[in-house]
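Labels run A, B, C and D following the written order; every chain starts at residue 1.
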Amino acid sequence: MSKYLRWDTAVGILLIAVFLTGSGTTEGFADTGNLSSALNDTAEIALIALPMTLLVVAGQVDLSVASMLGLSSALAGSLWDAGWTFEMIVPVCLLVGVLGGLLNGWLVTRIGLPPLAVTIGTLTLYRGLASVVLGDKAVADFPEAYGKWAASTETVPGTFIPYPIALFIVLAVIAAVLLHSTGFGRSLYAIGAQEDAAHFAGIRVKRIKLALFAVSGLVASFAGIVYTLRYGSARADNGLGLELTVIASVLLGGVDFNGGKGTLGGAVAGVLLIGMLNNVLTLNDISGEIQVIVTGLLLITSVLTPRVVAVLSERRHRRAAAVS
Amino acid sequence: TTKDDAKDDAKKEAAGAKANPDAPLKKGLKLAFLPKQINNPYEQIVDKAGIAASKEFDATAKEVGPSDAKASSQVSYINTLIQQKQNAILIAANDPNAVCGPLKTAMKQDIKVVAYDSDTAKDCRQLFINQASSEEIGRSQVQRIAKQVDYKGQIAILSATQNATNQNTWIKYMKDELKDPKYKDMKLVKVAYGDDDDQKSFQETQGLLKAYPKLKGIISPTTVGVAAAARYISSSSYQGKVVLNGLGTPNQMRKFIKDGTVEEFSLWDPKKLGYLGAYAAAALASGQITGAQGEKFKAGELGEYTVGKDGEVILGPPTVFNKKNIDDFDF
Amino acid sequence: MTRSPVLAVRGLSKSFGAVRALTDVTLELHAGEAHALAGENGAGKSTLIKTLAGVHRPDAGAVRLDGEAADFGGPADARDAGIAVIYQEPTLFPDLSIAENIFMGRQPRRTLRRIDRTAVHDATAALMRRLGVPLDPERPARGLSIADQQIVEIAKALSFDARVLIMDEPTAALTGSETARLFSVVETLRAEGAAVLFISHRLEEIFRLCSKVTTLRDGRWIATDDVAGLTEDALVRRMVGRDLDELYPKQQATLGEVALSVRRLTREGVFRDVSFDVRRGEIVALAGLVGAGRSEVVQAVFGVDRADAGEVHVGGTKLRAASPTAAMDAGVALVPEDRRQRGLVMELSIERNIGLTGLGSLGSGGLIKRALERGRASDWATRLQLKYGKLSDSVEVLSGGNQQKVVLAKWLATEPTVLIVDEPTRGIDVGTKAEVHRLLSSLAAEGLAVLMVSSDLPEVLGMADRVLVMHEGRLAAEIPRAEATEESVMTAATGRNGKEAA
Amino acid sequence: MSMTTQDSRPAVPQADTSARSLVDTVFRARELSIGGALVLLILCTWLANSSFLDDQGIKDLLLNSSILVLLAVGQSVVVITRNIDLSVGSVVGLTAFACGDFAKNSGHSAFTVCLLGIGIGVACGLISGLLVSFGRVPALVVTLGMLYVLQGFGYWWASGDQINAATLPDGVLNLGSGSVLGIPYLPLLSAAALAATAYYLRTYRGGRELYAIGSNPEAARLAGIPIRRRVLAAYAFSGAIAGFAGALWLSRFGTVVADAANGWELTVVSAVVVGGVAITGGTGSVWGAALGALLLTTIGSALVVLKVSSFWQQAITGVLLLAAITTDRIVQQRTTSALRKRSRA
């Protein structure tokens, strides 16, 4: 596999296979309306997966993203309730997102705490703040004018792509270029693979990590606004537990949790694969728990397959070497 | 745009098609139950009863749903139900507003929407099958516990999640009821949230009793909460000193009624809720009713029901369970 | 000799993927014999050792123990057969104490199979005494200097009372006195009947310790000779396949203005009050005993460590403290001591590693041009005669010495004005070593200022225009080339001239 | 014989002996700082509301924390080997339901039920362990996958059914609510598991080898440590503990749906991390992890008793959590730098 087919490519192929099988066997799947809504349902996960991929490549992780999404949503709701204009609310939410990300980054780079530990802590904190901000209220009277930008029924003219997904595509291209063709991207791989060596090579490890966490917070809070508009509902518990789905998608795409390996395309394919598969399964009346099992099995397969292939090719090599 | 501008956005929908009260129930209707979460035991009972009821009028009914109680997960299910062109969707909403968009899309495509157990926003469904009048539930909870504590002392509420719509509506009426002068010696000291999580509710009960040593009573209007609270009290030194009342299922509470931890609690029959829901959905889909106030429909063996204000259909008053009658029920 | 060898291999072959590391290699180890293994970087020495130790499984050929075929399933089997190995790279558990490191998996036990902690401690203390180093058995291995780590490895190997002792460049990080002590211990073991297999790129050590030497070249067996009848030149010819040029090709360079100036640099508890200058065209050696704080000084100069006080000036301008980026911008390069942790990103390819120091200059507008990156890598790989398969191979698969070359390439590619090298030739074979020396020398001649930390005394004496000697965190002496001798440097390094320097 | 060993001691040089006692303090400090925080928290809460520490209060504290402590013990054994087990929450849910299904309307004893729980747990642990150790695939991915698979399986099996206290045999319920000498069984069982695990990790080769594997896997391989077997055993152990916790969960709460302990994986991991077990393996003790678990539950209980608004509880928990790991880290850094300065002085 390592030689002829990388796992991220395999996920891409799997995605296409699911798409083709779905169109062939499942009534209503290839319908543009269905595709729009299925795609739109992955919008927040897809958006957050972009900075998450960069973080994981750099050997970091941010578990607080879903809580930040909730905090941003709660904040948007309570400010809206207080009569703020939407044009004011969005920058405030994004600012809070950046600050939250900076706090994560500061704890990781300055105090030197492991990111997993830090962001489990801020996961609790940000979700708690969301509930402080909005309490048991649910704010729902957001204007149609904004809601439609996030709805799956409004698409980019001439396509079945809803606006959040269009935005995601643009950001994904930027992130891909950043990760794969710039010095910054190279630094991320170096930091993820061997932080000390990156530091000794003059790479500004701490600053880069700080920036990554800040971007992660920013995107998460932005996803919070998309979420709020898309569902027309601001609540403190919005996006609860989404962090593991995001991470599962990224890992499914072949990004190595230990850092230093993986591609952005793989991560995006991972996100879409889970989304499409769930859509096909739901259309076939396969209930939630089976979908969960399928996701889990896919995840295990994603790491097991490359291993098995590697072991097999190793065997073949050894046999060949022994013969020659 | 601010909130105030946005209010003008709300569009008035033209009144739907005329109802034909004499239309027969259509054959071969496709109904789908969408519970809050596929493994919510209470809603499982409701849905199974509803699916059974559908057989009586030759409809095919199914239950689909997410494995987590999140509004966002319900939305994708609604979308696929629309793709599948169901005749009616019965939904217990995790979030009254988040499911609105797709439900409206469904209604536009002539798919009938019936909310049950937990309502959606009013303009996103045709009917809401309410287990009992929210006001009556809220007020009666206070009235009952007041009698038990003799109109004196501190009480607390153990609710589900902070955002549970039905809970919050009931609590609103409870607080309102408590304003009545006859409760002047009673004081609601705290609303705690057990998140419909057994362990959390258990711990919250402990905390309440610790934080308010003079607490006389707890109302827990959620099946998970009341069972957890009962279990804690029964195994602690508070047994017999603190009154617990609320909404619970007989099977969960039997033990605590028998050992005296709980004198009484109430609930409606979830099977009837499902049964009524199925008939109501069928009536809508067959054009017997449109969801306007005053319309009437027959719900099989439960008899005739009338659509109330805001499209609400009320199942009936809850049953009060106590030592005497608890063994007559099994759910 | 009629005795059968303790450990032997015949017709051994081993390849990694497409790389043939060993082809048809034969080796015999006899009891009571110290046997050397010589060869250039990448000749396959470490691979041979790992095969003997059960780490690798041979593709062809078998390991024979006491004449019987031994099929080692893993390192544990070899260990149980009485083979102790010191690997080229220290393999310690940083979180565990030195004592635990030494006895892991073989701790003496009490009743109920519980570990006897006192026995573990005492046995370790005894080993440390035997090696003459004041290391506390309960100290965690984290933070030990490379040399101390190597000593723990040696202690571990000694603790086996092994019949076969295999050592892969154990002295690479050691200074003379420690090496001498190690040799006396090994000598005792050998006299007691153990077979010793020894690898070193320092030829004089081979001549001092061993009676036989086997030479490998490109993974093939070349010769096995008695050391007695062999000259250094003959051995080098066997290793390299040709005659070697001068070992320390010092070119005379004209000294320019001061390029690097360090003033009163202090890091609490590590070094204090260090001041010195390095001029353009000059090679300054920083000598001293292991743990004197040399590496720490150069790391603080480069900015990867924070100094508590003091200043660094490059070309007359003061460097921002604790910023390697600022140092690089000013033209400073540091080849660190620990190449696996700090010098290289092991998972990344050769070209990416070499490119890592020039991410800003490998393209335009922030984008990286692959062609430029590859060009930079292949230029330097050729100049340093790197032995590699493809530039896109990960550096992990390179031999130790070739890895060191990649680190050098990565820094030389930045075209620095001040080059700091920390143990630049550690683990590098004689041929390449001469190559590196020639390189440093010609770079200095071109006007580069070179600061070289080295524990290799001949290297220090052969290369340096000026020798700075550190003793326990302070500069103990500054010795010009003319006066630098083994005695003068060692005297300062051991602190015996403390009064003079003050 | 002991005479000779005594004699050999003073040979350790002076400077190092003082460094050594400092090293000891560093290691102890990790548990000390959490222990200190715990005591402080309990003390403050007690001063504010004395009933926090009455008989019932102590009993509640112990009962609340015992399952989390148990899980933290199992998790830390895995984390010490530089792995992680995210599937614990699902295993607890699955076993709690399975045990309930097995015990309901039957006369099975608590012992049998616990055995069943442990059995199921071991089976789950073995699957994860086999994948991680023999498949050599990243633990986080595999156990995240197992989290989903086991959760889905549990839900599918339960399909909305619920186990009710009323149908469970008294023996099982008694395990959860009964006590001996006023101390409930649950904390006793957790403490026993804790002490046994701690003793094993400290004084047996197998235990030390777990630390070695976590500290440097490559070195562990070269040292001939049977890594795969040990990692497999660590997962089986963590699974067994989670299964046992599932059985205890059933006995304590009586009412069980398949999503018991859903989402607990992160709580357990935070307990372990707060307790000073490095997520990167090799260091920490189960004592620390247990203290971490105790601290987390106590924070929860204390905030309720202190009448902190429900809306603020989670935020404050988050702040305290961050404060705990930050303080621990700073104390550790200070001691290390003191050690560095001392060793050179």
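To be clear about the criterion, contacts are C-beta pairs under 8 Å (C-beta built on N, C-alpha and C of every residue); 3 or more make two chains touch, one makes a residue touch a chain.
As the structure is a prediction and not an experimental result, all values here were calculated from the model.
J.: Comparing the two chain pairs, does C-D have more C-beta contacts than A-C, or is it the other way round?
T.: The greater number of contacts lies at C-D.
J.: CA centre of subunit B versus CA centre of subunit C: separation in Å?
T.: Distance between chain centres: 73 Å.
J.: At what distance in angstrom does the C-alpha mean of subunit D lie from that of subunit C?
T.: Distance between chain centres: 42 Å.
J.: Just curious, how far off is subunit D from subunit A if you go by their C-alpha centres, in Å?
T.: Going by mean C-alpha positions, subunit A sits 30 Å from subunit D.
J.: Quick check: what residues of subunit B touch more than one other chain, meaning two or more?
T.: If we look for residues of subunit B contacting two or more partner chains, we find 38-39, 67, 162, 193.
J.: Of all the residues in subunit D, which ones touch at least 2 other chains?
T.: Residues 151-152, 155, 278, 310-311.
J.: Of all possible chain pairs, which ones touch?
T.: A-B, A-C, A-D, B-D, C-D
J.: If we count contacts the way the header does, which residues on subunit D are in touch with subunit C in the complex?
T.: 5, 8-9, 11-13, 15-17, 19-20, 23-24, 203-205, 208-209, 211-212, 214-216, 218-226, 278, 282-283, 337, 340-345
J.: Can you list the residues on subunit A that touch subunit B in the complex?
T.: Residues 27-29, 31, 33-34, 37-38, 41, 80-81, 83-87, 131, 135-136, 138, 140-147, 151-153, 227, 230-233, 235-241, 278-279, 282-283, 285, 287-289, 291-292.
J.: What does subunit A use to touch subunit C in their complex?
T.: Per the stated touch rule, the residues are 177, 181-187, 189-190, 193-194, 196-204, 260-261, 317-318, 321-322.
J.: Write out the stretch or stretches of subunit B touching subunit A in their complex.
T.: These residues of subunit B touch subunit A: 1-7, 9, 38-39, 62-68, 70-73, 75-77, 79-80, 82-85, 95-102, 105, 121, 161-163, 165, 168, 193.
J.: What does subunit C use to touch subunit A in their complex?
T.: 13, 15, 17, 59-60, 304, 324-325, 327-328, 334, 336, 341-348, 352, 355-357, 359-360, 362-363, 366-368, 410
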